[in-house]
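Take a look at the structure set out below.
As written, the chains take the letters A, B, C, D, E, F, G and H, and residue 1 is the first residue of each chain.
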Amino acid sequence: MKKEFLKGNEAMAEAAVRAGCRFFAGYPITPQNEIPEHLSRRLFEVGGEFVQAESEVAASYMVYGSSMTGTRCMTSSSGCGLALKAEGIGYITGARLPAVVINVGRGGPGLGQILPSQQDYLSATKAPSNGGARAFVLAPSNVQEAVDLVYEAFDIADKYRCVCYVLTDGVIGNMMEGVVLPEMRDLSSLPDKSDWVVTKRGPGPNTQFGNKRIITSWQNTGEELEATNQVFADMLEGWKANETRYEAYQMDDAEVVFAAYGTSARVAKTVVNKMRAEGIKAGLLRPITLFPFPEKPFEALDAAKVKKVICLEMSIPGQLIEDVRAFVDKKIPVEHFGRSGGVILKPEEAYEASKKML
Amino acid sequence: MKKEFLKGNEAMAEAAVRAGCRFFAGYPITPQNEIPEHLSRRLFEVGGEFVQAESEVAASYMVYGSSMTGTRCMTSSSGCGLALKAEGIGYITGARLPAVVINVGRGGPGLGQILPSQQDYLSATKAPSNGGARAFVLAPSNVQEAVDLVYEAFDIADKYRCVCYVLTDGVIGNMMEGVVLPEMRDLSSLPDKSDWVVTKRGPGPNTQFGNKRIITSWQNTGEELEATNQVFADMLEGWKANETRYEAYQMDDAEVVFAAYGTSARVAKTVVNKMRAEGIKAGLLRPITLFPFPEKPFEALDAAKVKKVICLEMSIPGQLIEDVRAFVDKKIPVEHFGRSGGVILKPEEAYEASKKML
Amino acid sequence: MEKSLLIAGFGGQGVMLIGKTLCLTANDNGMNATFFPAYGTAQRGGTANCTCIISDEEIGSPVCETFDNLIVMNEPSYQKFAPTLKEGGEIILNSSMVTSRPADGVKYYAIDSIKIANDLGNTKVANMVILGAYIAVAGNLDVDQVKEQVKHALHGKEALFDINMKAIDAGIAAVKSA
Amino acid sequence: MEKSLLIAGFGGQGVMLIGKTLCLTANDNGMNATFFPAYGTAQRGGTANCTCIISDEEIGSPVCETFDNLIVMNEPSYQKFAPTLKEGGEIILNSSMVTSRPADGVKYYAIDSIKIANDLGNTKVANMVILGAYIAVAGNLDVDQVKEQVKHALHGKEALFDINMKAIDAGIAAVKSA
Amino acid sequence: MEKIFGLPSTVLEQMTHQFCPGCGHGIVDSLLMHELEEMGVKENTAIVWPVGCSPMAGSVSTINQVSAAHGRAAAVATGLKRSSKDTFVICYQGDGDLAAIGTAETIHAANRGENITVIFGNNSIYGMTGGQMAPTTMLGQLSTTTQSGRNSEQHGNPIRMAEIIAGLEAPKFVARYSVHDAKHVMQTKQGIKKALEVNKNGGYSFIEVVTMCPTGWKMTPEQSVKKIVEENLKVFPLGVLKEVD
Amino acid sequence: MEKIFGLPSTVLEQMTHQFCPGCGHGIVDSLLMHELEEMGVKENTAIVWPVGCSPMAGSVSTINQVSAAHGRAAAVATGLKRSSKDTFVICYQGDGDLAAIGTAETIHAANRGENITVIFGNNSIYGMTGGQMAPTTMLGQLSTTTQSGRNSEQHGNPIRMAEIIAGLEAPKFVARYSVHDAKHVMQTKQGIKKALEVNKNGGYSFIEVVTMCPTGWKMTPEQSVKKIVEENLKVFPLGVLKEVD
Amino acid sequence: MAKIEVAKDRCKGCKLCVLNCPKNIIKIGSDVNTAGYFVAEQFNPEECTGCKLCAIMCPDMAISVYK
Amino acid sequence: MAKIEVAKDRCKGCKLCVLNCPKNIIKIGSDVNTAGYFVAEQFNPEECTGCKLCAIMCPDMAISVYK
């Protein structure tokens, strides 16, 4: 298979098309514009629809509308654009519809900066919307993985009827790298959704009487909503048990453990390699699913062996570190080094700072 | 002082007026409508302004606009309304403007239910917006405390130039209870803001040249934004060190510790009393500041003494429990009992469920 | 001592007014009180209910599953809420609209509020009859103070003072004679 | 072996094209490559720079503080980026626009790209001269493969093939003769 | 005797509307349900309900339905229709929904000429949330957030959405009706029919219906009907504003 | 010789605009800066900048300024003005900002008659983000999200905001100008003056200015000026749409 | 000859049918339904023309018309 | 008698002044400024009327006019 050399944004957009995405609504915002731009052309080529919405808010509800027809659909944005999509993400989640959301991270808070950043970890993993909505969050650390995870995100979204959120950043979105694109999915091979889509008749999830289908995040009583919350809670438990993913790099004998995801994890890898070259037993734990968070490998870190955990993040204050601290043995010191606001973390400075912490 | 008997929403609105709030913009949503309704009349009486905005999004930016003039200002909403205000909250935070936000919690996710709920804990405490924005979060558990905390929220917001977020729920918003209202603040006694308001000239926080004032959440370079992020990070550290608040009820010899806030904490108190009456050594740790989270009293729980921590919440899955688990000694089992989606937690069921956990 | 009360009926039967009057009286009297009106979309033109808790001490939960007292104003409310009475609790039944009766051993007062009110000359004071009945049953509030509250609520309609006071007295009498 | 390169200049000097061409060649040749274009609001009509990393192995960070090679196309870029050269690294200077020279001991190639291009008959191929120079310096890419990439990029403008190829060769020659 | 009017098959017999007595939304919903039956599209229709009182009609209907977030019905309808061209898509929104929070979505779906029908129940108030001012509230009208009456200085003037929509190029049918009496209800019925036909033939149609909210207005239905004639219709003139073939 | 035209004191000498060569925003900004100086209000003015290219003018200005979120300038201005009646509040927004994401805020601030001036730089494109379609993009115009040209079926038609605003009751002055040549620039100057006077006397004013974005249009400034005459002005007719005394 | 039937439990006694019957033959009766509303009733069916105006006006779809 | 001065480092060579001078006495010169732009220059000042049209048209406020 030919390894193409593509920009992350463009590659993710193409991966979506190949995964069967046939609807995209979005609103321009740097640094993710190549996603809508690519799709504005490609989706019509494959018989799908692209809408440049009047706002991020509207875009999220267009996706909600498309998803209820059974169409694989997606939106993408960055920074404050995601804040505007929060309500819609909650509706999609509450109505149990599948959708893929890509966040190509930029600096914040507020308008912040268009430069690459990882300051949306908590918003993606803890509270992508109101009312306790949670999304399945994937974090690729190179263009190939971005392509593979976006491709798979549609399957995850369909499997759980949830929002599958790909959290990446302006580095991965804007860099070019070699990538093998996945095959074009045959739409007829996609999961059957006829038992709940609004375009069919027959009893569905919210039907009380007759044949009608109702797609909604509203529930008539507190008890009904609670039951829905419980189903969701059980699903999240299932994710925790079955779906966590991470990469353990040089971890077998690691005494200094780096925790990092996405672009920072690449930086961390360079630092690990450099330390190993000097005889320092460094390793990297890289969460690939940010939610469900891979708790186990962090809980498993042995205080007798591991001297320090260092979180590398493009965020000040650290955000990933909140999860890492929660699960790592209290006896192991957990520290943070990062850049923020659009300043890209560099391996040299990460190495220097980490050395000082040892 | 006369103890009036007031509805929570109305009492909070009046407390805001007395704290010197002179601008409110909001959008109707149950169960908080008495706040805007009260203020639509009262603010004009005291020479302030009330705007029923065209949307929650607009409301949040009207508050942003008002705050930059040095005016004490507020918005309130519930559930999905807060999701729509997320972007604005991030702007206010990023531009370092003071503002008070009240969330009278309802069931979610999405539209969910208008009934009381505590499903916005994570969104309030971890990610009220994009880009790592954090707010100072207060959680009253009766009408008097709601009044006192709203009154104080304006001071906190001014002191730190941050969003002070009062997280309450439909029970406290809609119940009536005896309350002593605070005195009317003399506007001339409020903090001086002349060194940064946009209505004055002279160098201000973002001024590069000359006398002009610039209010913005944008920074021209990643480095400048990073510096702002760092200031904010330091401020958060300061909050953690100096501003956490909680109530410890019957904690001296407690072996069963309940963790709860707001309405659930009242339920917990009833349960504690009932258990104490039976000779069970129960106690309650009630965070009053949800962010900064009162980590210390939880870290201090002694595994040799405390047999169990039980989080009571009106949220399934639990949310407060994520913080409690992060700080309580791993040897002490932490469990959750709650209702969700608008079903109000009742003391009887909480008692039964807790007994089963012992 | 803490006393919990649930009041339930149709919208328009004065459920909220009764509850607020009781709690206001307690509050003005230095006691603690919480009044929580159930709300929800189902309320539109439908049923109404509220929880009142009155206590000498700090009140924990303002809501509960079971109550020391119930005031049930109509049959559907009776069906729904009768099971929430605590053991040893007492029910006040608006017998003009409630046909069911509690199981043996449950203490209750059947007050034909509409008949009593009609006898006084105004159907509309039926809720005051029930209010009076509750004061007599609960015994934790002073009748005159309650009456003051009612007068306060009727501010501007002084002509109605008399009949409302009479209705309260009639409610008290109905309980005493039961 | 991993080689990091920063290319910097004005917008319009072909900075991005040089970087992409190098990386595409490496990629097609089975090597790993990352191309990261700096972006930001300051870019509007201003400076442009990109980072290229080419390696036989998995590439860690696609960005770095210091580089094995620099290509500097104008003076401001030289001022800004000269300090980012690694010890032992090499600089390619577009001496048509860069007047400064590195400190003693730093290896560099001053290529008068505009003059060379003009001599070939077209100022616009100055960037190809620089590209050629880099290939010669770095030595990790095959000239013919790079030329294929350039031809690919010029698809539809076959008339320009010849002069572009010549420019690459001239760049190589300039290094060799330096 | 033969039944010449009754519940259409698009309405569930076992459910009753939760509307307040005399609510105009019920009349509009009744017209819509009859029309959907008559047009024979009830099997492939999706009604996009907003947040407000109008969706309470949903529970009594047998039509497939969608709840949009407050203000976002037109965006939801856009996504739905674009991904399912065979589905007949109708929004029925209130004035808070369509003319306040949903202003942008309303105007842009119309401007794109989405193949949907928007029915706009304009009752000059936020009914569902208890009677706050709407963008369409009359000057002088009392509401819980204009307790001394709406005044143009503080609150602006009632906004005319049909006129705005009619000023755009794409919409094919734009009209305003009222349901305050039987004659006007009959006209509204014709309007809904026309709007749905435009939809069927491929195009955007918009119907504004002036309706009464007795509860929000704190009036009897009878008084409400009078208020419409005496006040609302003076600000919201009835008629077809745009018709394109 | 005496200097009869130069940098006004509202502009910093040490800073230059970051606009691309020939950007129409610069012309409008120049007019505004001169006008603020002439009116003597520069000390108590706050300019509310949106997100887009126009705020790049901010860095060269000595006027107090505020950055609103994308689309929310009118809401920010509302809060600002209501809380500080002595401040002269002006928004200068682009078409993506004002006519897409900010549609609701734009229309409702106008409808409330907020005491602000809105200057709308309509360049038929999203300049700042690299040339995507705007609601005001011409039919047939290429953009990065309409790579074969905008067509009305998929993307709708260019929207005329000044007409919508002029249809509301509260606005006191609504007009459309262009800055493609000196004659029109002079007219625009008069319009800005008038709009600011209305503001000073208490009232809402709205000025739409048709401008060129050579970069977004992928044209030279000279070609851009031609495009305005040949295409844009046909869709966006110039003139005063509303004037109330 | 025509007549109407009012579905008792749908009717909310709003009077809109009463106000719109051209023959003035509907009134709100003294019957209360399960929801507590006084229900509309036709008191002079012989005058009914079956014009359906009452039915089309009813917000609760409570009226059936027979002819 | 009039003339214009072009602030060299403000000018971006957009030609809008050139296009709008009624006397056609401005051109883009061969001078490059620090930002890399070829700068406008008046080549026939004696014909300049001081009409200010060039200046008002300049997006970069680069032109001063003297009379």
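Rule of thumb we're sticking to: contacts are C-beta pairs under 8 Å (C-beta built on N, C-alpha and C of every residue); 3 or more make two chains touch, one makes a residue touch a chain.
Only a predicted model underlies this, so the values are computations on that prediction, with no experimental measurement involved.
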| message | Quick check: more C-beta contact pairs at A-F or at E-F? | response | E-F
| task | Report the chain whose mean Cα position is at the greatest distance from that of subunit A. | result | G
| request: Please work out the Cα centroid separation of subunit B and subunit F, and write it as a whole number of Å. | output: 39
| subunit D-subunit E separation of Cα centroids, rounded to whole Å | 63
| Centre to centre, by mean C-alpha position, how many angstrom separate subunit A and subunit C? | 55
| remark: Rounded to the nearest Å, the gap between Cα centres of subunit D and subunit G is 87
| query | Of all the residues in subunit A, which ones touch at least 2 other chains? | reply | 30, 54-55, 57, 80, 87, 91, 95, 110-111, 113, 115, 216-218, 220-222, 342, 344
| task | Can you tell me which residues of subunit C touch two or more of the remaining chains? | result | 40-42, 45
| note | Going by residue number, subunit E touches two or more other chains at 19-21, 51, 67, 69, 100-101, 103-104, 107-108, 112, 128, 135, 154-155
| task | Over in the complex, which subunit H residues touch subunit F? Could you list them? | result | 1-3, 9-10, 12-16, 19-20, 35, 37, 50, 52-61, 63-67
| note | Per the touch rule above, subunit B residues touching subunit C in the complex are 3-5, 30-31, 113-115, 170-171, 174-178, 263, 266-271, 273, 342, 344-349
| note | As the complex stands, subunit B meets subunit A at residues 57, 79-80, 82-84, 86-87, 90-95, 106-113, 115, 117, 119-120, 122-123, 126-127, 129-133, 216-219, 221-230, 232-233, 236-237, 315-317, 319, 322, 325-326, 329-330, 339-344
| said: Looking at the complex, which residues from subunit F come into contact with subunit A? | reply: 51, 67, 69-71, 96, 100-101, 103, 126, 128-130, 132-133, 135, 144-147, 154-155
| note | Within their complex, subunit E touches subunit A through residues 12, 14-15, 43-44, 46, 48, 51, 58-59, 61-69, 72, 75-84, 86-87, 104-105, 107-108, 112
